[in-house]
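For clarity, chains are labelled A, B, C and D in written order, and residue numbers in each chain start from 1.
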Amino acid sequence: MTGLGYVVVGLVLAAMGIWGVVVLAHPLRKLLALNILGSGVFLVLVAVADRGAGQAVDPVPHALVLTGLVVAVSATALGLVLMLRSDDDRAAPSRDQSDDKGVG
Amino acid sequence: MKRRHHSLEGWLALLAGLLALGLVAAGVLAYQADSPGLQDLVVRSLAQTRVDNPVTAVLLDFRGYDTLLEMGVLLLAWLTASTLSGPSHERLVRPSARLESPVDGSVDRMLARLLLAPLLLVAAYLLWRGTDAPGGALQAGAVVAAAAVAWQLGSGAESSVTVRRGYWLAPAALGVFLLAGVAVAVVTGTFLNHPQFAAREVMMAIEVATAASVAYILAALFACVLNAGGNGK
Amino acid sequence: MPLGIDDALPFAVVLPAVAAVAAVVMPHWGRAVGLVGGLMTAAAVVVIAFGNRVGGPIRYALGGWPAPLGIELAADGLAVVMLALVATVMLTAGVYALRYFDHDGGAEPALFWPLALLLWTGLNALALSADAFNVYVTLEVVSLAGVGLCALGGRGEAIVAALRYLLAGMLASLLYLLGVALLYVEHGTLDIATLAQVAVTGAAGFVAVPCILAGLALKAALFPLHFWLPAAHANANAPVSALLSALVVKAALYLVLRWWLAGLGMGLGPILVQLLGALGAAAVLWGSVQALVAARLKLSVAYSTVAQMGYLFLLFPLAANPTTASTAWAGIVYLVVAHGLAKAALFLASGSVLRAHGHDRLGELAGLLPRSPITKFAIGLSGVSLIGLPFSGGFVGKWLLLNAAIVSGQWWWVALIFAGSLLAAAYVFRIVALLFAQSESPIDVAPQHSPMLMELPALGLALAAVGLGFAYPALESTLALPDMLGDHAR
Amino acid sequence: MNLLLGLADLVLGASLIGLGWSALCTRDLFAGCVRFIAFGLVMALVWARLRAPDIALAEAAIGAGLTGALLLAALRGIGVSGWARPGEDRDATEEPRP
């Protein structure tokens, strides 16, 4: 039952993250939302690996999540650098995206 | 105008709610399938790997290829971030991180230095024990990076030398991984198939290089973010 | 133990990665390392293609651990097509880059080769991977390499575009991973061949499959998820735009094809199938109109990518019918390759125009290309293939799709293909007319002559795109792909 | 014992959702980032609870530690300095919404 509970929490976090990336405007918030989405996905994977007290833990999702964590932090750092740099280049303000705005 | 914003937000929130419901429903249904997972297969194959910690076995042996590509992701993030965060947008295969401490004060400094030794010890322990107990290259690297970040906060300019001198550490993990993979392919005929007689040594080499690269790159990425925002307002 | 043909599979990933590491460690030798590494990688691809031709699909268990515990590489006909397209465009763009970056000098060359080689690593790994999670990692490699290359432009717009590209890319990969995680929860395996078949029948599939498809559609810039593409592709350096447009968006589409081929496609409902086709149709129309009104040459070419990616999603409605599946399939593969070659050629040629005149504003380009007949010819030829004029590669692809649409009685897609071709003709002729026009006013600044090493690669790719059409009789048997479709198609 | 564990799960799950939500929705960027760091710490506890010590270790170092440091460094770069101005409107630093 523990596992199922955390699967549900993970999926709610994932939905929240997707909502945040689409709706929030500031790139820093988008990065936070992406990290929450990632945490949600990881939580689903790890929660299902733990099938309860009697059973062994499935180590494969654990390894996947470790990989995912490192990927997430490096992409986040790159995103932050890009955000700071685009902030610097005020000459081309980020609002001037002539084509479609909206999601993303 | 304002009202339109609100109605749009309402629609998006509704959509997100539906998405959450769908996801949760799918999750519950999927969980009920009660699939066995791969743990039995891992346990059965563990004996052939000379590693006792199943997670380390998956990371470095069964799915070592994932970890190899992951080192590529780290390298990519570092390459771009360090290029962009340089003083001018110049070549930056060697990042020249101009580190300023955002926190000034001797207490922080003391604290950072006090933290350093135990953190490094923890990292060494994690790396050493990682083959048998929880821990391993990624965690050890992350802890060293955290220690380096604490040190950077505490000590300011000196660390820029370390960041610049150590740039070759960034591609080290990918390089060692590839070399080891090709070397064992020549011996065993299969890429990344560690031969029985040297499995532990090969894996140890990969682990040390991975820890070093992860530590260096994560610490350097922090320096890049500091640097990119360095002339902040 | 001696290395066999099968070992070319890991080496197609290892060789560009080794070259990338070497290019990072020895930045001054980037070009030499890049070209040597590139040629060796291309050799590995040739070996794989040969092995595939002789012995059929190849599977390779990395580390000696077969799926589901380990990760397997697989090279079937589709993978070989992708590998070959990647190698061709990569090598050509690499040669072009030799002179392109010469003029600007400074920062770019040092970083171009490591990033391009890592991109190649990621693309080859993605093409060969048979494991759903491994695909996620390769997607991240491709996406971060793309972002890095895109930011190489260094100016404000390029960085803003790179940031949007990164955010969209991260969202897309995480959506994909969310779908894969749900499937793992239910089925306990990461092998694509297994998952694709059980996904649709399983209980969680109704959410997991849309998640995977949405993630990949965002990466492939399918309308209306294309918002990140035009700025990213138009503001990058010319060789980078060529790589992004010809290869990176195709990588996501390739994964859609891979999952479809493994059995996902046959299980999708008729409504979802038509919906995906409708999105493709919207992409064709919207992208073409935007390409027609764009003020800048590269922006126009970038929107044309949005349009051309739309055709590829016609796979879903046209191949859902078992009788036309094989024809539609061959048409899609043909269009993928033809568009990749033509679009790369067009971006490389646009780079030459930009270099010669210092800008690419279409309004001011009239008659400004008197001394670059090769570039003009390259633009014209790639335009021929984009429109689908006989007997170019684009023509064969569209012809096959038309056949599939008529035979399966879906006349509305026939109308779409004609409309799309007319619009493509309009935006291509607009560009060509400007370039070939006689200038009325005297030119103040004589445009620079672009170097041969930049003009010839573009022409080569354009010729290949057109020549692909003439090669159809020879390729027909290979492209029929009956064994690829396997049992579930019949 | 089981009841206690169940209660702990409930608290952990609820605080994950609560912290995640407020990290996204507080008006102040700085406060959002601090919530996110707290989110990472709770996440590390959850990993330990789910018998994943390897991930708990990594999350403590990466998720809470490094990501937190990165976020704070970035905030400093865009001139959001935290404690002083909690009332600073989010919209002031953000693009207008489409």
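We take it that contacts are C-beta pairs under 8 Å (C-beta built on N, C-alpha and C of every residue); 3 or more make two chains touch, one makes a residue touch a chain.
Just so it is clear, the structure is predicted and the values come from calculations on it, not from any experiment.
Visitor: Which chains are in contact with both chain A and chain D?
Guide: Chains in contact with chain A as well as chain D: B.
Visitor: Centre-to-centre on C-alpha atoms, which chain is most distant from chain C?
Guide: D
Visitor: Once you count every C-beta pair in contact for both, which comes out on top, B-D or A-C?
Guide: Most contacts of the two pairs: A-C.
Visitor: How many angstrom lie between the CA centroids of chain B and chain D, rounded to a whole number?
Guide: Roughly 19 Å separates the two chain centres.
Visitor: Please report how many Å separate the Cα centroid of chain B from that of chain C, as a whole number.
Guide: 30
Visitor: Measuring centre to centre with CA averages, how many angstrom lie between chain A and chain B?
Guide: 16
Visitor: Where does chain A touch two or more other chains at once, residue-wise?
Guide: Counting only residues that touch two or more other chains, chain A contributes 3, 7-8, 12, 14, 16-18, 44, 48-49, 57, 60-62, 64, 66-67, 69-71, 73-75, 77-78, 80, 82-85, 87, 94, 101-102.
Visitor: Considering chain B alone, which of its residues make contact with at least two other chains?
Guide: 23, 26-27, 31, 37-38, 42, 55, 62-63, 66, 70, 73, 76-77, 80, 84, 138, 142, 218, 221-222, 225, 228-229, 232
Visitor: Can you list the residues of chain C that touch 2 or more other chains?
Guide: 69, 133, 137, 140, 144, 147, 151, 159, 178, 182, 185 - these are the residues of chain C that touch more than one other chain.
Visitor: Using the contact definition from the top, classify how the chains connect: line, ring, star, complete or other.
Guide: other
Visitor: Can you identify all of the chain pairs that touch?
Guide: Chain pairs that touch: A-B, A-C, A-D, B-C, B-D.
Visitor: Can you check the complex and tell me which residues of chain A touch chain C?
Guide: 7, 14, 17-18, 21, 27, 30-31, 34, 37-38, 40-41, 44-45, 48, 60-61, 64, 67-68, 71, 74-75, 78-79, 82-83, 85-86, 89-92, 94, 97, 99-104
Visitor: Contact residues on chain B for chain C in the complex?
Guide: For this pair, the touching residues of chain B are 22-23, 25-27, 29-33, 35-38, 41-42, 45, 61-66, 68-70, 72-73, 75-77, 79-80, 83-84, 89-93, 168, 170-171, 174-175, 178, 181-182, 185-194.
Visitor: Which residues of chain A touch chain B in the complex?
Guide: 3-4, 7-8, 10-12, 14-16, 18-19, 22-23, 44, 48-49, 51, 55-64, 66-67, 69-71, 73-75, 77-78, 80-82, 84-85, 87-88
Visitor: Would you pull the chain C residues touching chain A in the complex into a rising list?
Guide: 69, 133, 136-137, 140, 144, 147, 151, 155-157, 159-160, 162-164, 166-168, 170-171, 174-175, 177-178, 181-182, 184-185, 190, 224-225, 227-228, 230-231, 290
Visitor: Over in the complex, which chain D residues touch chain B? Could you list them?
Guide: Residue list for chain D touching chain B: 53-54, 57-58, 61-62, 65-66, 69-70, 72-74, 76-79, 97.
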